[in-house]
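These notes are about the structure you will find just below.
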Amino acid sequence: MIGLSHYLILSGLLFAIGLVGVIRRRNLLMLFFATEIMLNAANIAFAAASYYYNDLTGQMFAFFIIAVAASEVAVGLGLLIVLYKKFGTLDLDDLASMKG
Amino acid sequence: MLEPISVSLASLNLVTLAPMLIAISGGLIILIIDLFKDGLHKSLYVMMTILVLFVDFGSVMGLNVNERGFFDVMLIDGVAIISQLLILAASILFIPLALTSKRFHEYSYPEFFALFLFMIAGFQFMVASDNLILIFVGIETASLALYTLIALHNRNNSYEAAVKYFTMGALAAGFFVMGSAIIYALTGSIELYQVADVLQDRINEPAVMGTILGGSIFLLAAFAFKLSLFPFHTWTPDVYEGASAPLAGYMSIVPKIAVFVVAMRIFGMYIDLGVEWVRILILILAVLTMTLSNMMALVQQDVKRMLAYSSISHAGFVMAALALDTTKGNTGIFLYYGLFMFTNLGAFAMLWISRHKNRIFHERYDHPYEKFAGLVKIMPMGAVVMGLFMLSLAGVPPFSIFWGKIYIMSAAVDAGYIWLAIVMGLNSAIAAFYYLKLIVYMFLYDPVQNDNTVYYNASRPLMTIIGIAVAATVGSVFFMQPLISYIFYMVSASGY
Amino acid sequence: MEKFVYIALFAPLVSSLFAALFGMSPKKTFVGVIASLLLATSFVASAILAAYVVQTGHGIHVTMMDWISAGDLAIPFGFVVDHVSVTMMVVVTLVSTVVHIYSIGYMDHDKSFNRFFSYLSAFVFSMLVLVMSDNFAGLFIGWEGVGVCSWLLIGFWYHKADQSPEVNPSISPSWAANEAFIVNRIADLAMLVGIFVLYWNTGSLQYDVVFAALPYLDESILTLAAIALFIGAMGKSAQFPLHTWLTDAMEGPTPVSALIHAATMVTAGVFLVIRANPLYSMPEVSEVSFFIAALGTFVAFFAASMALVERDLKRIIAYSTLSQLGYMFAAAGLGAYWIALFHLAAHAFFKALLFLGAGNVMHAMHDELDIFKMGGLKKVMRGTYLYMGIASIALAGIPPLAGFFSKDAIIETAFNEGTLFLWAMLVVTAGMTAFYSFRQVFLTFDGDERYKEFDIHPHEMYKFVLVAMSPLALLAIIAGFFQGAFQKFVTSSPLMPDYVMSEHTHHLAIYLGILVLIFAVGGIVLAWKKYGNGLKRDEKCENSFIFQLLKNQYYIPKFYAEFISKPYYLLSQIMWKSVDMKIVDATVDSIAYLFFKGGDQTRKMQTGNLSNYLNWMAVGLVLMLLVAAVTALIA
Amino acid sequence: MDNILSVLIFFPAVAGLLGFVVDKSSARVYGISVATVELLLAIWLWMSFDGTNAGMQFVELIPLVPDFGINYYVGVDGISLFIVIMAALMTLLGMIGMSIEKDIKNMIISLLFLEMTMIGVFVALDAIVFYVFWELSLVPMLYIIGAWGGPRRIYASIKFFLYTFTGSLIMLVGMLFMAYLYYSVSGVWSFSITDWYALVLPVNYQVWLFMAFFAGFAIKVPMFPFHTWLPYAHGQAPTIGSVILAAVLLKMGTYGFVRFSLPLFPDASVMMIPLITVLAVIMIIYTAMVAYAQEDMKQVIAYSSVSHMGVIVLGTFAMNAEGISGSIFLMLSHGIVSGALFMLVGVIYDRRHTKMMSEFGGLAAVMPKYAVIFGIMLMASVGLPLTIGFVGEFLVLLGFYKVSPIATILAGTTIIIGAIYMLTLFKRTFFGPITNEANRNLPDLDTKEMSALVPLVLIVVWLGVYPKPVLEPIDTSVKALLSFMEEKAQTPEAKETIILTKQTKEAE
Amino acid sequence: MYEQIAFYLFSVLTIGLFLVTVLSKNILYAMTSLAAGMVLISGFFFLLEADFLGVVQLIVYVGAVMALYAFAMMFFDATRDIKEKTTNDALVFFLGGMVALVLVLIFLAPVFSENIQAMYPSVEGVGNAQAVGMVLFTKYLVPFEVAALMLLVAMIAGIILAGKKMDHSLTTNDDKVISQEDTK
């Protein structure tokens, strides 16, 4: 029988994959993909817990996470466009004028 | 089939929503005005924003303590009220800094002011709820607006700052939702009072201890990012440097107040439950933050960056108070930020006044120390005022932050954490060095010869704001009593 | 009578302040005259007081005002004029008056004439405070006061440059002044300790209270107090090993040497022992008293030995002073306080006379002091020759001059106490004394006129100066006859124990006296043989070890310089440059540097690269999660 | 006028603020007038002070933050009265003798603010008010050293600030803990020292609190090994800065011992005597040696200051009226004398722009008045009887002899080694032939300098001959302090060490 | 049984696809696999009887977000292989591995508890969409509206950030230049 833990472990693994993406990626666009993975990992955990507790709150949370993800994409892409216009690149290694 | 639900309007307690609604509608009105007429002067929007915030402030003042509204999603306790008041007060004080004599990009957008108000609404939602969903949505609303405001300064540094902030913020959001998911998986609830109840039962199951801690740590990481605690603080100096000075000053206060409220709600719960490791971790983070950021601030060449590190350090200081989880400690948080607000406002406003369009004194920095060399000879009052702010930041009595410092240190002592109080004291001493460095530059060095005046960007509204900041910084002792008693009352009424 | 106490005490102060008014102006003779008159007034008042004490047999005790009162301590400015102090007062004021008058002549050409009188009168005031005070703290005021005046006066010719010790053993007046002050301070510390001991055990510093409480004190306390006070006395009276300053003090103007470093100040130590005789007479401290006597005897011999080879006129007299102080301590240590006091007084007269005479010589010789360069001066300086002759005879202890009576009594005491070794030493010393004093007289006044080689044209001192010296000469001659009267007078004081020779000694007294006399005359004869007909230098003798040892003052100054002064300076340098700067201060700075360096290192994490920042966040999360996992596993 | 203390505190501050308006050319006269009025007020305070009353007088209490127990609470007793007067006096005389021309207005304003803080520290009866003034005093001093100092002035001023700031922050923790203890016993927050006095603490708490306060005070005094900021500060500071620093600011530390450490922690104070003794004796001997090694006149006096402060600290812990009264009196005398000595060094520095002893020699012939005053101050410094320096030193050593004879003898060497470095200084500077032609035609003291120095000479002699008017009120308060400590002490050692005077015992 | 098969199948697929997203050098592959992974996640939602959520996931993620990314990709001309300096792989996999390990450890615990009473239980016989609607528009109306505000913010942000006005910075240009431009 698939229990809550199965889903949670899956969620954890996906989260770890997302984290790997975030720390590994240098291209900002692809980095954003990785953050989406992390949010989705949490969504699975919410949906699973919601299912096993027979409680709708988890689905609510997942719903709002999706909304947030969408908004973030909008703002994030807006920022990337500005950035791309000025710098002509999305590589974050080129984005280190402020340090120290 | 579902039964139709009848909800009485009274039970919704809509008044709890009033403050946020005011802010939102203010933002909408600005958008609408812009729709009808282009090219209105920024002063109009500044004043409108102030008015909206003023009304908002009034409506918050009118709230009753310890009420819930809207299916218990809204929680108006004392902490929520105080934090909203502080947020609004800070906002009212910061927004006039838009009225510079020189033009800067962001203020040419009416949307700037709308976003500003939406951001405030986001913060207000955040603090006025113990529902993790609303907290999350509030945080994100505010953050998204804030990222945009930073980027609107429209120069290379500000994009870089916005992108850095945004990306790290996205990661932190990931941490937050993961932490919430764990909490939900453990308790079947995302409302903190419920969570606390359930955890109270489950805390004795040794098997889930790791899970409980794990959840708290994801949340801690998320909040540590927002509060800029080590090692999640790395965005702070860069973002402050990239953002305009008023916004940097604003960021060092308002988001932190909001996040502190949430952190207080969440970690206060954990500590109350007896999860001692949360307290220990917070203390470790706080001490590391104070010390390391102080050390980094020592070696900065730019005043704004130095102030960025200093605000990290102050956040660490306050975070330590949070770990105490006593009424006095929590009172200290608000008191500290209430006082820090004025001084930091003043300091950043002084930087803003001295901001040039292009960097004259240093190829990278807007505000290198050299810029302020011999200020006392160029503009004595300016130097004295800036000196006052620096002394206050350093915790020299009787200026405002000193009172916050002793209150928090006293709270630490009361809670039995004398070592913590000593660490705080020693850190203040380290910090004094870099504040002094600026004073030394201003008072003891000779001016670097330069044709441009330092006060390039000064205007009467800015001067007024600085005047207010000076008055509050110097005269703090006279309003300490009402401030402490009010905050203490509010915090203890909320049960923290 | 109280007003005479105040007149006696404050006339010198007034004189000093008056002279100080003109301290920075050019010479004004009237300053000296008025100062001398005021001193004379003081002398007259002292004499009246002395007469009063003689008549009534009891002293006068006045309390002027409170000085220090804190806690239980209450120190007044109180003055007591009793048998002992009135004796001292008379001696001091008399010699002072003479010296003041003398100085008018002696300092004639000095541009700091006025300043000199100011210092000199200030000294007399301090000395009077010292002797008149009714408590130890008041004594200490005077004690330090005379110290300062001595510092000022030794260093009076401050403008002279330092010389190497080979050229001038005293280096320079300012150096000698500092040496005197500092050495005295060493002793003063001990004296303070003595005062503290007495205060904490008797609850007061008043003489009468302290002395009354003595019988109730422990032996250890008494011993400690006695030793501490005596060390204090050793400094002021230049007893071994604190004696070096006295000969160096001869850098000061000669009247100063006469007044301070012969007649009065240096005898303060003896006065202290006499004053504190109830303490030193306690049977519990007999060892200390004996030590005092032994040390005194030793110093008497030791100083006399150095005088044998000295060439500097004033230094010879200084050694003789040292030697005579040894005699006084010997007497005081053996319990013969009145004899000590008597010798003190007698010595004051003839030694002052001797010094003033030396001053005349110096004046005549244009500040030349090497007796090897003098000779035959009696032709040009008859008066001075006479005076110095009288003084030397008195010093040598030839009857019927004062020195014989007083010194003989001391030697007799040593015999009487059964301390035959001391007695023998003192007798031998008496012979040495006679030798060196006449060596000096002969070399100066007799023989060939060596000064001519140096193109010096000596001349006699002013008449009035010579006249002014006459009282001293007179007293040097006749003082001895008053020995009995003096004994009767002084010992009538309740605080002054009598000392009488035992029957046995009394019988032998005449033989003992003759023995001493033989030694004295022997010394004189020897001196005449060697030096009576001019200077004959004996290379072999002068190069012998003993001669060199004596000439170099037993190498003691050298020892002090090499093993105390220099190491102290070097140690100070090390303390400053190595310890203070390199350790203490560097530690503080390195802590600050550590933070600074730490900041430099820590800021490296702030690379500016977003990817690193995200890594840091991940690292932070992982670390915290690990903490959670570990704690959960433990739980 | 019951609120004279507030007037005393805030008059200079208000004057300082108004001083911004005064024109630069007249700033000096303005400053001197204000300081004169302040001194007159201080003397008035003395005149209306009741010397027989051991308690606090002219008490004012205005609640500031009642919830947190912070009050504006000031008062004066025999212990603080004269330090207040001295602070006012030294400020005035310092201003009169000041030779600074550059930015004179800023200097005057800084001095006036400094005066406020100095007086505030000594009359504060609330720990927080005390702390406020204590810390605030650093700021004008930082500016004075940093703006008018020598070549390394910035290093020196920052070192001064940070060092003392660090120590006092630890003291602040101690104060907060003390307040907490008071709260946990009484249920009320209070930072009033007089309230705290009533608190009898367990001995181990006392020890920790003592150490916390010690950190603040010891650095300020400054005690070995925390003293190294002082030579830099003095060495680099302008004359006026050194004068105020030596005369008044250092006294804050020793005053703190008397006001806080002794009455609050009698048992711990007694327990700590060995430690304090060792440090103080090291301070006395070691810094005196270091002073002897100096080449710079000002450094000699700076190190001598440390050495003398060692004697003061020692007296404070004598635990008998003689020692403590002496110690307080010595604070005054050291203030006057070292202030005067720094002024004197300043005089020569103004003329020659060097302070190296090797540059001088034979000055006595060129500048006789200067030499006389220097000589008097030198003698006062080495503790000559009938000068102000003796009374305190004598009483301190006398008092401490009861505690430890050996330590007293070691400490007593101050009269020897003090004489060594001071006389060496004097000899090298004033005696001997004039070797440096630059010195041959130096002008003697002018009217300005004379009018600053002569009053000090008069005080040195007056209080040396007749210290009673000052010593008596001090002694009265000290006796009360001691009997209070004795009553409060718990350990038998403390009861034994604290010695009451016979009068006090009889009164009981 | 079918549930188990579906779970494991979907799990392996999602993990695999997301790994491609994270590790692939080609942005197109990455995006495609991300989209596919999102679809599979909606599969989980359907498995978990969260039908409405599944649908939203499909519409919002696969429909809207992915479309946005696709446009962005075109805008940035990023279809070619991306050259990235990769972070030290050991660090990356250590951190990822540790997080995964700890999370697995955390979730291996008996997280589920029978004692917990659902606050908003799904009612028998009521469709998921209806039940969600019921809760969303009562209890979660405020967050819902705030989400709306958030979207508004995002929209404004997107518009002004991508807008033309950002091309000329008032911040760096001299005021005189700006006013000249204004008068034009």
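Residue numbering begins at 1 within each chain, and the chains themselves are lettered A, B, C, D and E in the order written.
Just so it is clear, a residue touches a chain if its C-beta (ideal position, glycine included) is under 8 Å from a C-beta of that chain, and two chains touch if they have at least 3 such contacts.
Note that the structure is predicted; figures quoted are calculated from it, not measured.
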Contacts shared by chain C with chain E include exactly A, B
A correct list of chains touching both chain D and chain E reads B, C
So which chain is the furthest away from chain E, centre to centre on CA atoms? C
Could you say which chain's mean Cα position falls nearest to the mean Cα position of the entire protein shown? D
Pick out whichever of the two, C-D or A-B, is joined by more C-beta pairs in contact. C-D
Whole-angstrom distance, CA centroid of chain B to CA centroid of chain C, is 78
How far is the middle of chain B from the middle of chain D, if each middle is the mean of its Cα atoms, in Å? 43
Chain A and chain C, separation of their C-alpha mean positions in angstrom: 96
CA centroid of chain A to CA centroid of chain E, Å: 5
Spell out, as numbers or ranges, the residues of chain C touching 2 or more other chains. 592, 603, 606, 608, 610-611, 614-615, 618-619, 621, 625, 628-629, 632
Send over the residues of chain D in touch with two or more other chains. 162
Could you list which residues of chain A touch at least two other chains? 4, 8, 11, 15, 18-19, 22-23, 25-26, 32, 43, 48, 50, 53, 55, 57, 60, 64, 67-68, 71-72, 75, 78-80, 82, 92-93, 95, 97-100
Give the pairs of chains that touch; include all such pairs. A-B, A-C, A-E, B-C, B-D, B-E, C-D, C-E
Note: in the complex, chain B contacts chain E through residues 1-2, 5, 7, 17, 24, 31, 70-71, 73-74, 102-106, 108-109, 111, 114-115, 118-119, 121-122, 125, 131, 133-134, 137-138, 140-141, 144-145, 147-148, 151-155, 158, 182, 185-189, 191, 194, 198, 201-202, 205, 207-208, 210-211, 214, 244, 357-358
Of chain D, residues touching chain B in the complex: 63-68, 70, 106, 128, 131-132, 135-136, 138-139, 142-143, 146-147, 153-154, 157-158, 161-162, 165-166, 169-170, 172-173, 176-177, 179-180, 183
Using the touch definition up top, name the residues of chain E that touch chain A in the complex. 3-4, 7, 11, 14-15, 18-19, 21-23, 27, 30-31, 34, 37-38, 41, 44-45, 48-50, 52-53, 56-57, 60-61, 64-65, 68-69, 72-73, 75-76, 78, 82, 84-87, 89, 91-93, 95-97, 99-100, 103-104, 106-112, 116, 118-122, 131-132, 135-136, 139-140, 143, 147, 150-151, 153-155, 157-162, 166-167
Can you list the chain B residues touching chain A in their complex? 132-133, 136-137, 140, 144, 147-148, 151, 156-157, 159-164, 166-167, 170-171, 173-174, 177-178, 180-182, 184-185, 188-190, 237-238, 241-242, 300, 305, 364
Which of the residues in chain E come into contact with chain C in the complex? 87, 91, 95, 98-99, 102-103, 105-106
